[in-house]
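Each of the next two complexes has chain A plus one more chain, namely chain B in the first and chain C in the second.
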Partner chain A sequence: MLQTILGLLTLSGFAGFLALCLEVADLYFANYGECAIRINDGEREYTVQGGGHLLGALGDQGIFVPSACGGRGSCGLCKLQVLEGAGPLLPTETPYLSPEERRNHVRLSCQVKVRNNLSIEIPPELFLIKEYSARVERIRDLTEDIKEIRLSLLEPDTMKFKAGQYIQFQIPEYAGADEPVYRAYSLASGPGDPRRLTLVVTRVPDGVASTYIHTELREGNKVRVNGPYGEFYLRESAGDILMVATGSGLAPIMSLLHQMADQQIQRKATVVFGARQRKDLFYLEELEGFKERIPSLEVIFTLSRPSEEDRWQGERGRVTEVIPKIVHPRDEVEAYICGNPAMVESSEELLVRLGVPRERIYYDKFA
Partner chain B sequence: MDLGISAFVIFFAAIFTNNILLTNFLGMCSFLAISREVRSSIGLGLAVVFVMTWTSAINYIVYYYILEPFNLVHFRFIVFIIVIAAFVQLVEMVIERYSPVLYVILGVFLPLITVNCAILGVCLFMIIREYTFLQSVAYGAGGGIGWMLAIVAMGGIRQRLAKAPIPKPLEGPGITLIIAGLMALAFIGFGGMIQIQ
Partner chain C sequence: MGRSPVIQSPHLDRVEQNLRSRPGHAHDFLGEDRRRLIEILTDDLGTVHAMGLTHEAVADRLERITDAARKGLGDPILLEGRFRTEVQEARGKLPCPWGHPGLYRKSLVTLFRVDTGESLQWTDLSIHLIRAHGFYQGKGSAYRLEPADLKRILEL
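For the complex of A and B:
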């Protein structure tokens, strides 16, 4: 009996001693102290507790670097220039960095750890990205499987964004998602109304986020979004504007039209909106309204598979069959394409063949 | 037990003739799970070599200077596992601090090793076979290198196998076990060359 107790005591003592060693080691090795992050040559400076990843440390300070994978190092979106203090390039980063980016000290902020003072460069537009809380003001059916969600911002109560940009919508835990997930949705409203955000959401079979928005979300619910993100905004030039959209890809195009109407941009503009059948077309009245406010605007609808009862008189076929009728070689065209990836890719190739320079084709793909 | 066997012989025996993975079949779970490609096999292999060498040394000291004098030999299983777990934790912290690159290469594998039975196996064998300290460390290092040799070879084979037409029911673990069996047969061929048991 005595021997058993002694044995247990010794064993516990030994285990306790090892635990103590680990605690001491943890205090000594894993304590990086406070580290300063200098941003854009001293424009901003934050002091953070060392040891975490740069992406998270910036997020804690309210700077949201775009990241689709949530910091697992699999999307390569969270690239930042880290001028000093990042340490050697990690094997988890190399697949995402071009030789030129490596020369420019570009790193993946989700992989770089804050272990000493850092000096980094952040594009100024990232400072505009914030987290917002909002209330669902209205949910409206646009088609059988597309809903329009209108949010009114609560805190902060306005968002400064460029027409055509997108936000990330937080889907909370529910039966279909065991942890909060984020999905990107383009804004269909214009920057002229910074208190409201309008999203257009297509229901994707088994889609975690779209299922939630279509079946669980109710008017009056509180939601969280962050943004704005994206390079899909109207460029300033004198060329004609071609906008191509299918399905909910019309959302950012609507935003661009809001901007054109508000700023009275008089450039020649053509919207090509493709759908399968008449019942899949939406925003018809709104587009009609834009035609009145923007005299230089033309809207072309095309149906790929109109049904008998549609009695469709307009264009038939996919958007790629309509584009050659309106874009002619030697036209000065600037193209904005948004929709499913296959449509975006085939439209881009078509436009390049029609003589539109690749750098003047802007697109948003829904993957 | 012939004490005349030098540490040097034990080191090579542990790699080839008495490969812990292919003759004792220890450490199979991570061997099957992480051997899909050479890259990760090397990462896990390096981590095993490192931890095995060190824990055999530490556990030797713990066994002969703590467990035996205090009559706690029957607790050796628990104690060895605790020592291995604590050592892995410590190594993880140190590597993270001083070599971020190595940390990323080994990072995911280090915690896995805590429950790798080959490590515990080496510690138990060295006690059963009554090795000296030097022999134990040599056995630990050799065992680790032998384990790494086997998993890297398996990684190479499986990488090539990815493009081979394998009967559907055998895909994945099935074919891997068959390959492991064939490799074991080949290694057993070395068996008679050195006798360390």
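For the complex of A and C:
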């Protein structure tokens, strides 16, 4: 037994020593020089210093590829097609790639090292993603655990985005984070005001970002964001629109309503906003304002556990209890859902059972 | 991963380094625990086995309660006549500090026993850490789950 343990320890130690030697060799002896990254068949071309990972190299050139894990290879979001120059597929990549993706040379850009010239394909929407500096113009409490943050963009001073998209907000080092981190927040403002961004942030227990925003962030602070991201935006069609939200999930819905009002979109639209008690509702005035600007808009509030003091006369129950009262089989409805992930899943399944095709149900998964 | 015996390895060293680089971090997995990670894992494994349990059994029970509690869509519900549970979820997902593929929902499950007044909190990531790695988090960590507490409160 002792011999077995000693053997295992020796083997582990030797493997660790070899790995260390490889790292040292790579660090000091591997000099890859300058490498060219050719994008979309020559549409763009960059010369970078080799040795780093593709994700970082592109970020240095102002091209932001989505990532939720800071390049640690554990989220699988940073996929790109690398047609030439990437070297063999790594074991750290294979769990994230389907056979079809592998056939199409899709790689994790955080794992691909830039050792020689690369030819890659980037979806055009990624070029719209930029990093911005902004100033915190206003912070106000919407409820006891939700704040609205209004930013005015500094450099660049405008952002082109679709209503419903989100940005990544940089949280600097502070007591709760020993390195900067990014978190995604939907935009509550509309694209009609490209100089300002409005975010709605719920304080999450022990949340790195929300704790910073709720306790440290001040009006006048300079912040960094990048974006816009996401596939949650209003589709062009003639169908009725159902928007379902709980909590800060109302943010992108507000953005869609800004778009509908600004562009005078006449489609019939119903917002169902669910909360626990009256004190958890917010944007009541703003929603009334939208009803005046969008004549086809109906807004339904529903409380799941109203208190006696609420003297609530409106709908009671969760949003999933209200949806069947509004959506009927064979209705031509397009649904936009945002909020508590369990609510989003339940609402989607409910809508499918009510006959809404899954491809007409939209929600933001972030990661 | 969470199997007996727990073996020291360069990978476990990296995991421990990853866990320890977050003092005071919101997700401080090790808390005030100064023991080596292998000691934490081995001690908890011994405790779990001594109670006649496995990591899988503990994780299964937590997962079943979590799945049932999710039906509340953020509101508290009473399960099995004595567990008042609530699941708060934030958007986005968390990677596992062990560094392997997979992302876990940012959920916080709060369970309160209406008969004894005891409570527990865990996350989806907690369940994975127990099932796959036998990691109940370090003593002093906000999300440390003492195996003995789990056995008693969840009636394992």
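Going forward, the second predicted complex is superposed on the first by the 335 of 367 C-alpha atoms of A that agree within 3 Å, B and C clash if a C-alpha of one lies under 4 Å from a C-alpha of the other, contacts with A are read in each partner's own complex, and residues count from 1 in each chain.
Just so it is clear, a contact is a pair of C-beta atoms (placed from the backbone, for glycine too) under 8 Å apart; a residue touches a chain by one contact, two chains touch by 3 or more.
These numbers come from a predicted model, not from an experiment.
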item: Residues of chain A touched, compared between chain B and chain C (which is higher); value: C
item: Touching partner for A:A342 - first (chain B), second (chain C), both, neither; value: second
item: Contacts of A:K113 with chain B and chain C, given as first, second, both or neither; value: first
item: Contacts of A:T10 with chain B and chain C, given as first, second, both or neither; value: first
item: Which superposed partner A:A177 touches (first chain B, second chain C, both, neither); value: second
item: Where chain A meets both chain C and chain B, residue numbers; value: 15, 19
item: Touching residues (chain side chain A, partner chain B) in the complex; value: 3, 7, 10-11, 14-15, 18-19, 21-22, 25-26, 29-30, 87-88, 90-92, 111, 113, 115
item: Chain C partner contacts - residues on chain A that touch it in the complex; value: 8-9, 12, 15-16, 19, 68-69, 72-76, 95-96, 175-178, 183-184, 202, 204-208, 210-211, 246-247, 276, 304-305, 318-320, 340-343, 346, 364, 366-367
item: Chain B to chain A touching residues, read off their complex; value: 66, 70-72, 75, 78-79, 82-83, 86, 89-90, 93-94, 96-97, 100-101, 104-105
item: Sites on chain C touched by chain A in the complex; value: 7-10, 13, 21-27, 70-71, 73-75, 87-93, 95-96, 99-103, 105-108, 142
